[in-house]
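Next up is a structure, given as structure tokens.
Each chain gets a letter, A, B and C, in the order it is written, and its residues are counted from 1.
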Amino acid sequence: MIEDKIDELGFVLPTVPVPLAAYVPGVRTGNLIFTSGQLPMEAGVLKYKGKVGTEVGEEDAKHAAQIAVLNCLAVVKSILGNLDFIERVVKLNVFVNSDSKFGNQPEVANGASELLVKLFGEKGKHARAAVGVNILPRDASVEIEMIVEVK
Amino acid sequence: MIEDKIDELGFVLPTVPVPLAAYVPGVRTGNLIFTSGQLPMEAGVLKYKGKVGTEVGEEDAKHAAQIAVLNCLAVVKSILGNLDFIERVVKLNVFVNSDSKFGNQPEVANGASELLVKLFGEKGKHARAAVGVNILPRDASVEIEMIVEVK
Amino acid sequence: MIEDKIDELGFVLPTVPVPLAAYVPGVRTGNLIFTSGQLPMEAGVLKYKGKVGTEVGEEDAKHAAQIAVLNCLAVVKSILGNLDFIERVVKLNVFVNSDSKFGNQPEVANGASELLVKLFGEKGKHARAAVGVNILPRDASVEIEMIVEVK
């Protein structure tokens, strides 16, 4: 059970985040689920705000990426009922609120990618784009969206 | 008829925008249509240029998002013939040309999201990512791309 | 044969780039392949580093986009075995590491788009989003991800 593994690794699957606006947390089309962009929300609080490289350190940003991807999983669970119905994690897009000199977006995004592989094994190996941006909603340090294939 | 609703709300469905370059406005694969990124083009003119938070106000940017998403719908119509064949709006990606201190991308993106829900009801509820960027093509304030599921 | 055309045009199909981190170069789901974001890597070296508009000229950035999209094709080949099995190039997302005043992302992205049309003809015509960002991994000037439909 994936949710047991989340517990064993010391993480918490969040409750489904309420969208900041007029959209829904995720949509299923065929056997793909597209999640909305998720911020590092923990118990309703946005963690690790600010620009990575100056205001937020790389390790903290990596942790922010872990929290954001857990929110993606919470969205998938809200649609699918059970994370064990995930057939494959297909794609992550990781946006990092970055100082213009900070080029370690891959290391930050690894916070999310490594957690998925720990949880899902081979099924957790995904394609990924990691890019820097100059600002994110509410000055979040990281925003992640996910595509998964389901059974 | 969706096009009648666009009229009733006081909006105009644009003619299909000519791509700025060597690509096409949208592609259908299976029962998904992916649009190209659309700018706030109205009658061939780019509206609301500049960075949101300093050069462009939040309300103007929200209007820019409405115009950009209407261009997305124009693309879908050019492929599908009729917007009533949309089964579901799956995903919006909203890029906001932002001052580095401006964190209200969700409010800007709502210009597009709320219009879709007014037009399509339940079928218009979509997943969404809204991010800030430091510049967009031709200094557009907003760029939006859309994925829709069709019948 | 697409690979012959790559040679004829004077380009080289790279070896599959090793991901910078804990993910895979691409994933197939159904008849779609999503590639990871690719940088302008040539023989293991990142070419054309820096911000377009100040540190990197538009022509060099266009060349960087060509190299990045060849890396996308290398990823597809690693999954599919043969580029001739591509049914359609569906989508490119082109992120350009941009000075905040540089708005010619479409011209830069054309480096990739025009090459695809030369190689694939009608099948190479794709939807596209081109956006500016303030930084990319390793200060790359361009990052491109691709979705293709396969037979």
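Rule of thumb we're sticking to: contacts are C-beta pairs under 8 Å (C-beta built on N, C-alpha and C of every residue); 3 or more make two chains touch, one makes a residue touch a chain.
Note that the structure is a prediction, hence the values are computed from the model and not measured.
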So how do the chains connect up here, line, ring, star, complete, or something else (other)? complete
Examine where the copies chain B and chain C touch and state whether the two sides share over half of their residue numbers (same) or under half (different). different
Taking the mean of the CA coordinates per chain, how far is chain B from chain C in Å? 24
Residue ranges of chain C touching at least 2 other chains are 30, 133-134
Quick one: which bits of chain B touch chain A in the complex? Just the residue numbers, please. 30-32, 88, 90-92, 98-107, 109-110, 113-114, 117, 125-134, 147, 149
With touch defined as at the start, can you tell me which chain C residues reach chain A in the complex? 19-27, 29-30, 34-37, 51, 93, 95, 133-140, 143, 145
